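The following pair of complexes shares a single chain, chain A, combined with chain B in the former and chain C in the latter.
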Partner chain A sequence: MARLFPIRHVIGYIFSLILSVVGLGVVFWDLNPTAGLWILIVCALIQASLQLVLFMHIGETDNKKSLYFNIAYALFVGLVTIFGTLFTMLWGW
Partner chain B sequence: MKWDEFFVTGEPMIYAAMVSIVVVSIAILIGLTYFKKWGYLWREWLTTVDHKRIGVMYILSALIMLFRGGVDALLMRTQLAAPEMKFLDAQHYNEIFTTHGVIMILFMAMPFVIGLMNVVVPLQIGARDVAFPRLNAVSFWMFFFGAMLFNISFVIGGSPDAGWTAYFPLASLEFSPTVGNNFYSLALQISGIGTLMTGVNFIVTILKMRAPGMKLMRMPMFTWSVLITNVIILFAFPVLTVALALMMFDRIFGSQFFTMANGGMDMLWANLFWVWGHPEVYIVILPAFGIFSDIISTFSKKNLYGYKSMVASMVVISLLSFIVWAHHFYTMGAGVMVNGFFSITTMAIAVPTGVKIFNWLFTLQKGKISFTTPMLYAMAFIPIFTIGGVTGVMLAMASADYQYHNTMFLVAHFHYVLIPGTVFGVLAGMYFWFPKIFGFRLNEKLGKTAFWLIVVGFNTAFLPLFFLGLSGMTRRMYTYSADTGFGPLNMVATIGAFILAIGFVVLCYNFYWSFRYSPRDENGDPWDARTLEWSTPSPVPVYNFAKVPNVKSMDALWEAKVNGVPLYEEGPYEPIHMPNNSGQPFILGLIMFFLGFFLVFSWFIPAIIAGIAVVVMLALRSFERDHGYHIPPEEIAATEQKLRGDSV
Partner chain C sequence: MKINDSLPLEYRTEENSNKIFGFWLFLGAEIALFSTLFAVYFTLWNRTGSGPTGKELFELNGVIWETFLLLTSSFTCGLGIHAMRLGLKKPMMIFFVITLLMGLGFLGIEITEFVNYVHEGATLQTSAFLSSLFVLLGTHGLHVTMGILWGAGILIQVGRQGFTDETANKSFIFSLYWHFLDVVWIFIFSFVYMKGLM
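Moving on, here comes the complex of A and B:
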């Protein structure tokens, strides 16, 4: 029975909840913007790796090529969305 | 809440719509009971996990939504036909252009494309279903109930009225206090999640379930376009999901993401919307490119010219599609650098698109061309789409765009891209693959009549809009005075819209006529086509391929027909493993509908109950054990005998 229990998923789920609460805390306790932003960025990175490792089983395939291709595409879109938004909306070029 | 806030009141047309909805619903219920079809409907359709049936249901929904969005369009064109028309008031006009846009893009183009993917892709790669058949059914029912939630808004609660882009601050609680835009955020959210799951499903299907020998570079072009489309879906839709969630928080829970106070940023909505919205354009158009590629190659009796460059150009388009979004709001007031950057990337997209146009032309060159209905759509697509593309490059120039922005010129441009691109594409695909599913072709004469009405009607309706836009008519204006001189061209456009509508009626009549009189297809390959799906009997049996095909080259069926390369190995049939039907996806969709509906009206207690029900459904699925069933070889042999007349 112990082998059947999805321990990794449960750990991942609990961590996701904790990270969400931390994010909510940043807003709730009105942290100063710089500290708050850093906490959010760190949480976001942990959250992303939790999803990849615990839920999406990233280490479990032998096909490394498609894996890297996928991550590269995802990084491209993610970075373009974030920095593109900063570029168009905030940086005032 | 009073009843007159719940139901939309005061419009005779809306009352007529309510009556017709009730009458049609009762007629359907009575019909199903009288003909004892409840069990059939539930067993064969509502619970099905068969990709072909799910595809048919997608396409049927898309046609119904095409009717709804088309009626919206006719109402708008009637209002604009002459100066100072009193047919619709300003509010009603706002609601109609909003629902027209949302329905045509998200509930017509998307499901039509996804429906064709469902029907065709597993057949083209030699698979027996998609990778996750149950998830596929969940995708469909999420889409379907999302669409229904959006559609009831015009009789219950009021339609969204801030445009299909729902720009803030107009779409905020402050300026749009009715529940209309709640419908927008929740209905799109529900169907968007369904689409996201489709994306995962088809990427896995195409990467993992190809028949032996079907290398990536041997796949039919439609399958290639679907693979790339789904990659874009997978990366673009999460942005919409997040943006819609923030919108919902703003409108229902009082957060301040897109408001103009407390650190909110209204233009951030436009930004996020188009980060998803521009890739979305390619999501609906790339599959059409794939459809045209297969059709042009089939009816020119040649293999596709420049196969590798076709694939490469689609990959380049998929990347470029993510770095052009700010061209939708050049006039926001961003600096020269920002607008210049997005001008250049936008124009760059014309390059891979041009490559594709030339590849199609070279495929036609010296081909043995037959002008069937699908081929006619492909032929009309090339010049008309090119006009759309060239005006797109005009709009891409940021400084010139200050003149074109939000004028009828823009409206004409995107209709010139989306109608030949997407609508002609999916209609061509429907005529082309119809015999595969139903075992008979749609009538060619009626098909061609509808084609000419649609092409002539389309150009009559939208060409004048370019000139109206250049002479200053803005989009979304609900009326204009006679002094503007907009009257005559608007009248022409309205006449065109009605010709287009007649074309649609002929198209629908064709289903009826062909269903009754069209000769039944004997060999499963009525078009003398090239790819694997045509090697199965029509209508395709539930298991698709009695034996898994052996692919040794591109256009495997053509090789089999011309050079006698066998597709299937000799030998007895093996048992085929198939998934079981399930009612859970339908029930889950229904619960999501109610969850969305309760949230729209901020009825939180029922919403929480519906939310718990969703979790219960997911938990039930997690603990369910369902290993499917096997079709025994004798049954396969009997089915094949019946469909093909003799053994393979």
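Moving on, here comes the complex of A and C:
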């Protein structure tokens, strides 16, 4: 039975539960919006990395460099899309 | 055919390891897709017009359950792939069935939530906020729906054929997709629901 539950997966799962609870805390602790937003950003990024590394095994093959580049490039495109939109539509540039 | 026995079954032929690589490229495109939807949502989220705001609309209970179900299903999906690499067919299938059932549970809650919204008069046409919300959540929900159908098809194949190069490859690619949906949900949970309720 124990070999069906590898420690990396169990740790990843427990951490993602903890990070979700911390995210929930933002609603209950009555933080100021900036601090709350930063907590959410940090928790979400850590949790996404946990999924990529521990569950999706992004680093397990020889072409891991290509995979890291692919994800990094996709994130770059995504962030430019999101912040470019915010710059022009909300922040008045 | 070149076969590399040092790798897990799903990577062994060149074609299959290319398929896994190709799927990562697809996930890159999915990141771009969801980024555009988030960009629209962040632009419009306080344009609520005469409709309800997120704070008035969102129900914490449903969101907590959705998050718990999707996180746990991502975990069991990973365990399924681990069991597959150990060559254990029955545990793999059980883990995948649990994964898909939790996916169904997630969808059930999301659909109930949508129905409640519409009954409260918050429809796709009510405000720019609600249009962008429904499109973002709906696109994710559609992905989950497709994933459940896809996963069920793969389970049938694994049940019939056992672990072959092909079924192992398909199962692994499905697991990448499922984990990715969980990643997208983490961002929806944080930047739509928690930020909206803050």
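One rule holds in what follows: the second predicted complex is superposed on the first by the 78 of 93 C-alpha atoms of A that agree within 3 Å, B and C clash if a C-alpha of one lies under 4 Å from a C-alpha of the other, contacts with A are read in each partner's own complex, and residues count from 1 in each chain.
Note that in this section a contact is a pair of C-beta atoms (placed from the backbone, for glycine too) under 8 Å apart; a residue touches a chain by one contact, two chains touch by 3 or more.
Keep in mind that this is a model prediction, so the values were computed, not measured.
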Contacts of A:Ile11 with chain B and chain C, given as first, second, both or neither: neither
Touching partner for A:Ala35 - first (chain B), second (chain C), both, neither: neither
Partner chain(s) touched by A:Thr81 [first = chain B, second = chain C, both, neither]: both
Chain B versus chain C as contact partner of A:Ser20, first or second or both or neither: second
Dominant contact partner of chain A by residue count, chain C or chain B: C
Partner chain in contact with A:Ala48 - chain B first, chain C second, else both or neither: second
Touching partner for A:Gly92 - first (chain B), second (chain C), both, neither: first
Overlapping contact positions on chain A, where the chain C interface meets the chain B interface: 66, 73-74, 77, 81, 84-85, 89
Parts of chain A lying in touch with chain B, wherever the complex brings them together: 66, 73-74, 76-77, 80-81, 84-85, 87-89, 92-93
Interfacial residue positions of chain B with respect to chain A in the complex: 207, 231, 235-236, 239, 265, 267-268, 271-272, 275, 319, 322-323, 325-326, 334-338, 341-342
Chain A-touching residues of chain C, taken from the complex the two chains share: 7, 11, 17, 20-21, 24-25, 27-29, 31-32, 34-36, 38-40, 42-43, 60, 64, 67-68, 71-72, 74-75, 77-79, 82-83, 86, 88, 91, 175-176, 179-180, 182-183, 186-187, 189-191, 194-195, 197-198
Chain C partner contacts - residues on chain A that touch it in the complex: 3-6, 9, 12-13, 16-17, 20, 23-24, 26-27, 31, 33, 36-37, 40-41, 43-44, 47-48, 51-52, 54-56, 61, 63, 66-67, 70-71, 73-75, 77-79, 81-82, 84-86, 89-90
